[in-house]
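Shared chain: chain A. Partners: chain B in the first complex, chain C in the second.
Right after this comes the complex of A and B.
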């Protein structure tokens, strides 16, 4: 076999384990869920196999589901924007710092060593009725009753930002780190202030990383169900909570399947949209 | 256009001193090279002139104005980097026009000046392309065009040619000199390549370990090195530890291993005041090899010193050859043009040396 033929075969060989895993662990279960979504749960509690559109009709046209879906997308969007605004400066700082980059990145990874649920619950100790903030304010005599700070949409966003910020920082960092620092020097020497040179040079060149981090944050935020359970109020359910409710609580697998496929379709469309724009970003990268 | 002057500049990075009390005057319109080995502080000096680094001590003036506290974007300098630093997401025309945007130049003027700058660097048709679509040499020309289109007071170049391959580097060198002379701009050029510095500069500043070793016209620095470092750094030199025997009105007499006794004109030994240890520096190309026994026959070179040597190693370079020769107790190197064929290893030769081609340096003090 010639070297060329061997090289042509190499990607296939190297990808085989990954493709097998994806097929068995993702495509096959997804197929099951798709089939399930057309079944129907009968009054007796048993699932009736067949091709019924009832679940889909309900998922698509019931305003209850639509409102929660829109609210979920809104929370994900707000979370993503907050992550971008707070994560970008941090990533910039790490990328431009000398020497201790590795340490700063390690600190960024540190939260991942603690369970996400525990990190989320920690907010109860901070913002709860007897949490740090309320006891502090009461000890100072500024308030006499604990302020109700938990269990609303803002705390859900807070919990999500807490969870997702490292993903944003890492993505933006990777992209900033790849930008030659002399580009900004060159811009300044030509008369741009630091801020203008950032806007003209660094920001546009880091957009691919910002977009990647944004997509990751948005998709992860939109798919979450733990944060709203722990930090949200009764009216703060997100879409994944509905899926959880249908499948785990009501044991209505067909309805849960239809709902989860719906969320998948919405987020999938978003990824396609991103891919369209990333294509352009990649093009720009290829030019450099 | 403007002159640049550095007065007692010091730059510390923590406890490390990268530039130690450097003073330098660069006349208006001059082409000055900062030459020295890696890590000697050339880039640091350039970045202080540019305003990318603040000096720890000392003053920098450009065109008579003290600029220590003037931020980089107000200094009106043209900066060219080794890696070109073109903006990859902007077209060539946008790259070149970048600095004009901040100078309130009208759109029409901007287009005209970009066109003129691209013509000056002989790349008039690439305006709509992106930097990634140009070769390294072309990118460096664009970087130069971008720096001079703003009509800066001073042009600062940090090893602009070192990312190019050898042939292109020589072409660009000629090109750079042509453009600099056309525009007549004060230029500070950083390089570790002595041939670049010798070819381009009006003045060379040889640096070592954050200090200025010598400043002067290329020919002076080359033929009359002030220190052993300069002698070794610019071209191949032989340094022989010798002893000064006498200094009198018209000559300095020295004696050293291999070379024996010789008398140099007084001006070839400015650092030597009286008898004591000295260093005799001889450029490799000033040692002329001749077949053994034929030397000393011509009458017009009565002063020449004739030494006997044995060719130990020959480094054939096509046009010339570099010989390592055993002469008495020392090894000397000689670079000679090849007439018909080079001398062979093991061959006995005569070495001709003119005392006025030697330089005496102060001897080691330890």
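Right after this comes the complex of A and C.
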């Protein structure tokens, strides 16, 4: 074999295991559940193969599913907005600080290494009946009974913000860090106020990072089912909880397939829209 | 004035991120028999209970074996693919990159359902094998992203020099390429292990009945009753998944300083 031939074959050999894995463990399974979603679960518990529209009709038009889908998107949107408003100033501070930038960044990475379930359940220690806030208020004599603060929609959002904020801060930081700080000084020296130079120079230049962080927060929030179980009440189920119920509890796999694909379609459309306008490169920067 | 405000806000953001976690660690040393506030004193009793809890020890063993296997398989596949993407002009490079990243673009719940149902149709039931397949496919994109970022800095001419001096391709790989790659390989493995060790979203779909990983064990304990051991278990998890990488960074920095000085 000539050197050129070897050179041409090598990348193919190197890529084969990864492409095979993604094809066999993701692409083909997604195609499979698309077919599966048109099957029907019969009363006997067996799945009947065929082309039935029942699952899709139910998933798309039953108000029960529609309301939970809308509520899920609302929770994800609120979470994303809170993350952006909270995280942006912090990212700005890290990007512009001189002294301990490395330490601040290291601390920012730390939550990524701490288990999601622990970060979620940690709020029970803070807001629960015998948590820090209630026992503090009782020790001060301000209340005699613990206040019920947990297990509602607000605590679901709180848990999601706590989980997703580092993604937002990191993405905004990456794009702010790439902006020449002297641009703002230049705007100021030309007569703009600090605030105006931020609004007209820095903020627009950091929008790609904000968008990448926003997309991550939204997609991850909208796909969660653990947070509503741990921190939500009985009426705070999100769309992924319906998927989990259908697959694990009711064992209605055709319906579960249809619901999964619906979630994928909604969130996938967002990712495609993002990709169309901004490209994947910004997203990858923040992830690696 | 504005800057002081931003600084104050940033402090609050960091407090928000870390205070709840600090409380978990604090309460794990609580002597009170309910494991909650008010604290009555410091004690290691919850750690002792953990060490004697067979279910938790089993969950640890499962998580560690699963994490190690995931790290080895995912990093092997990921390093090979990254090598191809960074060092060769591959036709359709962008499409291939997107395909390999796809497992994190698809919501994890959907990935979990698709994999579970498909492998089930192939007569692979909920099992350790299914868990491993799921963890590998889910960690692969992260490994590829991290390893690619580290690979860019390794130049090819060093290998070409070795070859032109008479080293065989195999010799070159083991004596030149692999040592140069090892930081990227280690970073990939560490990343894959941590993600696998922490995963719960997919794991709850894939795990066979009766098998628990540490996160699903915590989840189960949360649902049954708030057991005081939970904070101690959380502390051990934090030390494992955050402490080890920090230690790794510290060692790497010390080594770099020695080499530099």
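Things worth noting here:
Operating definition for what follows: the second predicted complex is superposed on the first by the 254 of 288 C-alpha atoms of A that agree within 3 Å, B and C clash if a C-alpha of one lies under 4 Å from a C-alpha of the other, contacts with A are read in each partner's own complex, and residues count from 1 in each chain.
Methods note: a contact is a pair of C-beta atoms (placed from the backbone, for glycine too) under 8 Å apart; a residue touches a chain by one contact, two chains touch by 3 or more.
Source: prediction; values computed, not measured.
Once chain A of one complex is fitted onto chain A of the other, the partner contacts of A:253 are limited to chain C, with no touch recorded for chain B.
Considering which of chain B and chain C touches more of chain A, the answer is C. After overlaying the two complexes on the shared chain, residue contacts for A:121 are found with chain C alone; chain B is out of touch. Legend: residue contacts after superposition of the two complexes on their common chain; A:135 is shown touching chain C, with no touch to chain B. Touch criterion met: A:201 reaches chain B, while chain C stays clear of it.
Of the two partner chains placed by the overlay, only chain C lies in contact with A:14; chain B stays clear of it. By the touch criterion stated above, A:186 is placed in contact with chain B alone, chain C being left untouched. The contact surfaces that chain B and chain C form on chain A in the two complexes overlap at residues 194, 284, 287-288. Residues 2, 6-7, 9-10, 13-14, 16-21, 23-24, 27, 34, 36-38, 76-78, 80-81, 83-85, 88, 90, 96-111, 113-119, 121, 133-134, 136-137, 140, 142, 144-146, 148-149, 194, 197-198, 200-201, 204-205, 214-215, 218-219, 222-223, 226, 230-231, 234, 237-238, 241-242, 245-246, 249 of chain C touch chain A in their complex. By the touch criterion stated above, chain A contacts chain C in their complex at residues 7, 10-12, 14-15, 17-19, 21-22, 25-30, 32-33, 36, 86-87, 89-90, 92-94, 104, 106-107, 110-111, 113-119, 121-126, 128, 130-132, 134-136, 139, 162, 165-166, 169, 194-195, 219, 222-226, 229-230, 240, 243-244, 247-248, 253, 256-257, 260-261, 263-264, 267-268, 271, 280, 284, 287-288.
Taken together, the chain A residues at the contact with chain B in this complex read 180, 182-183, 185-194, 196, 200-201, 204-205, 284-288.
Of all residues in chain B, only 50, 52, 71-79, 81, 83, 85-89, 98-99, 101-103, 130-133, 146-147, 150 touch chain A in the complex they form.
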